[in-house]
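Note that the chains take the letters A, B, C and D in the order they are written out, and that residue 1 is the start of every chain.
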Amino acid sequence: MITVLKPNTTEDQRNQLIGWFEEQGLTVHVSVGEFQTVLGLVGDTSGVDIDMIRLLDIVADVKRISEPYKKANRKFHPEDSVIDVHGAKCGGGNFAVIAGPCSVESEEQIVEVARRVKAAGATMLRGGAFKPRTSPYAFQGMRAEGLELLAIAKKETGLPIVSEIMNENHLDLFEDVDLIQVGARNMQNFELLKALGHIDKPILLKRGLANTLEELLMSAEYIMAGGNENIILCERGIRTFDHYTRNTLDISAVPGLHEMTHLPVIIDPSHSTGKASFVRPAALAATACGADGLMIEVHNDPKKALCDGAQSLTPDQFDEVMTTVRKVREAVL
Amino acid sequence: MITVLKPNTTEDQRNQLIGWFEEQGLTVHVSVGEFQTVLGLVGDTSGVDIDMIRLLDIVADVKRISEPYKKANRKFHPEDSVIDVHGAKCGGGNFAVIAGPCSVESEEQIVEVARRVKAAGATMLRGGAFKPRTSPYAFQGMRAEGLELLAIAKKETGLPIVSEIMNENHLDLFEDVDLIQVGARNMQNFELLKALGHIDKPILLKRGLANTLEELLMSAEYIMAGGNENIILCERGIRTFDHYTRNTLDISAVPGLHEMTHLPVIIDPSHSTGKASFVRPAALAATACGADGLMIEVHNDPKKALCDGAQSLTPDQFDEVMTTVRKVREAVL
Amino acid sequence: MITVLKPNTTEDQRNQLIGWFEEQGLTVHVSVGEFQTVLGLVGDTSGVDIDMIRLLDIVADVKRISEPYKKANRKFHPEDSVIDVHGAKCGGGNFAVIAGPCSVESEEQIVEVARRVKAAGATMLRGGAFKPRTSPYAFQGMRAEGLELLAIAKKETGLPIVSEIMNENHLDLFEDVDLIQVGARNMQNFELLKALGHIDKPILLKRGLANTLEELLMSAEYIMAGGNENIILCERGIRTFDHYTRNTLDISAVPGLHEMTHLPVIIDPSHSTGKASFVRPAALAATACGADGLMIEVHNDPKKALCDGAQSLTPDQFDEVMTTVRKVREAVL
Amino acid sequence: MITVLKPNTTEDQRNQLIGWFEEQGLTVHVSVGEFQTVLGLVGDTSGVDIDMIRLLDIVADVKRISEPYKKANRKFHPEDSVIDVHGAKCGGGNFAVIAGPCSVESEEQIVEVARRVKAAGATMLRGGAFKPRTSPYAFQGMRAEGLELLAIAKKETGLPIVSEIMNENHLDLFEDVDLIQVGARNMQNFELLKALGHIDKPILLKRGLANTLEELLMSAEYIMAGGNENIILCERGIRTFDHYTRNTLDISAVPGLHEMTHLPVIIDPSHSTGKASFVRPAALAATACGADGLMIEVHNDPKKALCDGAQSLTPDQFDEVMTTVRKVREAVL
């Protein structure tokens, strides 16, 4: 870490800051230039709050040379990680397609959707059982029962299953779930992340509404620090000034994260756009720019889907999207 | 709720949508105009996902006439709520001043700060014990021990104490805490909110980094729906494109929330600006525009505060700010 | 336009508002429902300030049924517009590739780059002569001389040329320019837009840093209202909270604008990401999701490009990108 | 300016970068540390594009030690500037209150409003003659005639007048205008700024919708570089994800700009909130945090104001706000 001091810093102030860094266990190299002083900090700076230091009156700038994430860092793990979700692989050239309904509604529904998306080329089945809803009065999902129905669909189709967890106390219920999703609203629920660091299932970590890529990797680091290094990252749209789509798909997160980390990165074109007619172009864009997979909402009942699924595809639409996704993959390989 | 259909909607599509609304238990009044059709929905629409409906192809617009929050809604509770925190009141003309260090560090520190802020006019003592840190490698707070030291400071000074909870499983440890804080990153940790709905302590609910005022009230509603209606709302800065302050203080949240809800609204000038020299002007602005209180970081050791507290005031600075805050309160009453 | 009144609106207030609408030359249809009143406005509402009306105390909501842009609206012009730039076409299945350096530096440079990008498949040559720079002390471009050098490169290669205008008083200098660019900072320089409405050259209109798609179309409408309907729209990244890329590429603007307008939409992967290594993935994403073209910075001198061109490709890199762009186009057709 | 190189930079790359800096007329001091190399640049760096350098592969960080704005910089001009607008002063303890209608509508209207706001304590009269409207079909203001009516109101009341310019070619028409306003949408219309640098009237420069404070000062610098140093800065709300107010008032811009510049800073509570009921709290907040003035919309005809003025105060409301503003000023002095 480099700290550049302002020109008018007194020796006293400088020594005070150096003393503070040394108390944190760091070695400080001082390089006094003609018109600036730079402190080089050697040691484990990952616990230092860089924002705090930046705001000090005597500090002109502070910059990490080494990123604050270690286990997620591509520098120390140059080759792509491949995450194995009960046989379905993601990363390092393996393309994952997670599809299924927003919410599990019935055995008939989830099994039917599972069959259709598998036939179209999906490699995993998603379905919400515990639903994070803005309103306490809205349907909160089928909860434990929804997970049981997902397990039935898995048995019927062989597809690994993916579902969202909202509370570490529910972990027992997720025994049959192959990939546990942490939703955008819980990306910085650090207590949940810590709990997931101690289990041996892969985690699908979604980016928060207004979180930077570095913050996403720091949340991955929380899980990895506990011992669980099987993480798939997911960009699902960020919140900006423009609301013609539900969120703004930050497509550059794909090359951005690929530079920073060895973990695979998938895109959710359904939540990031919020509109069925935008899912196809967003999925193709994600594939073309090198994403390691897609997560797409598919609903089998267009009538029901009228409201539950303004952003869901029908199985037929999904089929067509998958055909073109495969062509784009070939074009960019 | 009003749903305006697009001019080219077919009767079939309209009936399908009406049928769907009726399945949700709503009564639908259809008013066909010369060039638009409006559906008026009567009944409990609080569970309807308005964003989903807005995105339907046949819908030109949809608008709640009644807001989706009920218990927090000023319409049904026109007079200001007054929240009593172990004798310290907030709301309805009662101004709360919550002050103290970012983190509890030692008994000496917290007792000393408590004495100083009480003398300056603070009505409650804050201190972080469980700290939400972006990095898993950063200091996570003194945890249970920190809460014990806060209880000592409370005994010494009589000030009610405020501290942040991050996990419902920690609730037992918060027995002595008078006002339990939910931090910005957990504003939509719905499982935590539900748990706090079942306790009988007041809650300090901070606005999330990128959450709207309506979303803040929906999170309050989660707590209130469980039976706990003692909530103080806190604006602590939002995330925008500009980074010259740590966050952007959204001062209009004060009149905005006062229109929408009867719950008291306080401002945190420390986190919203991230810089000690901005705390005074932000605190005065908050007071002038009618906030029901302030939450300010105060640290007793300027040397230590060098890094832990780029945004903390010294007790002397806090003293001066409080004097001017009182003058501004008189000016606007 | 539909205006929904709040339930507690008095008859007096309603009549006052109706009177005001009628003064604007609109016919008002009142439909009084059991629990809401809706005013349907017939006539030319394009001049009504919808934001103002939304904020009236008695108004629950207001919504245009017809969009405020007319000439740019796909509803009244369902087929794609094809813009012909001195023989190079854009839109309606014609893919435009505009390439060249950020700034024109010398005859040798611009002619060399023109030859290289033409060989690689570019259909137009770009080069900045008048440069909008944040600092008055920064190089402001070669100005008139730069335009002359572009004209030489055009003569040498036959490529139509594209350059940015910043002042209507410079129009005479742009006689040889085939496509006149309005930069992001001037997207709402309405006086410049009006002036460009009276010329007979196609315009490349870039989206402002924080402008909505509707605002972009309203700016196009300013030009079209003057008689010049030859406009190519360009998404070049928006400003959000995240700064790991220079701007955030809003890839959904492509399907979004294609729904709203018949005008062609191209993507600038260089400015939207600000980083050479992100240009390729962004260009492929844009192509895959249906953009009508690309605008890419290419610089011929890697040594010079060290600083002028952190976001520029070398001609060899551009060559490789174009090869893959062509493959992706075939995959999605 | 400091440039910190990445640890793996080769000597060749370093020398190439140093060479490039030297070509820009800078002297480069190299300080090679154990694990980082820092280049200190001496000379006029105000023309160097820092964003470009930051994105170079070999650069870990780059930081200006001296800000890129010079004439606007408080460092070189520590005492507050006082801008004299035909006798009405702003800055350095002088509080300016600019009030009047959004648009000039008639002689009767503007004279009546001028009388009322003067009686309430306004020090200048505002009125829009040339109106920047999103839609080409909306009323564009009375233009030259509006300026003539303003001049009449000035003669009647003695109040200096303020109006917005949109085109340098209109400068002749602004002869009687005492303070020329540059609107938010033209903040980076550099050609207009340059033209205003050569006149001898004070300029009111409004912050753009999504511009940083540094960008605002760079735009001021454009005017000052031409010789005109009489500038008043105005915060009028920025664009964020939340739309419950028309814009988000960034109140911290007041202390922020006061640190950075000697130029006075005023707040526009009308445009920043877009809602009449929020103007009072926003005006009080601005006053409390040290703004050098206010710019408030006042309209004399509540019936007309129904639509033109959802954000306008009546003269009576303005009168009440001014009374409290004076009390708050006394409280914070």
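Basically, contacts are C-beta pairs under 8 Å (C-beta built on N, C-alpha and C of every residue); 3 or more make two chains touch, one makes a residue touch a chain.
On a predicted model such as this, the values are computed, not experimentally measured, just so you know.
The minimum number of touch steps separating subunit A from subunit D is 1. Each chain gets a centre from the mean of its Cα atoms; the one farthest from the centre of subunit B is C.
Separating the CA-averaged centres of subunit B and subunit D is a span of 31 Å.
Between the Cα centres of subunit B and subunit C there is a gap of 39 Å.
If each chain is reduced to the centroid of its CA atoms, subunit C and subunit D end up 26 Å from each other. Subunit A has residues 210, 239-241 in contact with two or more other chains. If you draw each protein chain as a dot and join the dots that touch, every dot ends up joined to every other dot.
Partner subunit C is touched in their complex by these residues of subunit A: 210, 212-214, 238, 240-242, 244-245, 248-252, 254-256, 259, 272-273, 277-278, 281-282, 284-290, 324, 327-328, 330-332. By the touch rule above, subunit A contacts subunit B in their complex via residues 16-17, 20, 44, 46-49, 51-56, 68, 132-139, 166-169, 185-186, 188-191, 194, 209-210, 215, 218, 221-222, 225, 239, 246, 274-275, 303, 306-311.
By the touch criterion stated above, subunit B contacts subunit C in their complex at residues 2, 4, 6-7, 29, 31, 33-36, 38, 40, 42, 60-61, 63, 65, 210, 239-241, 243.
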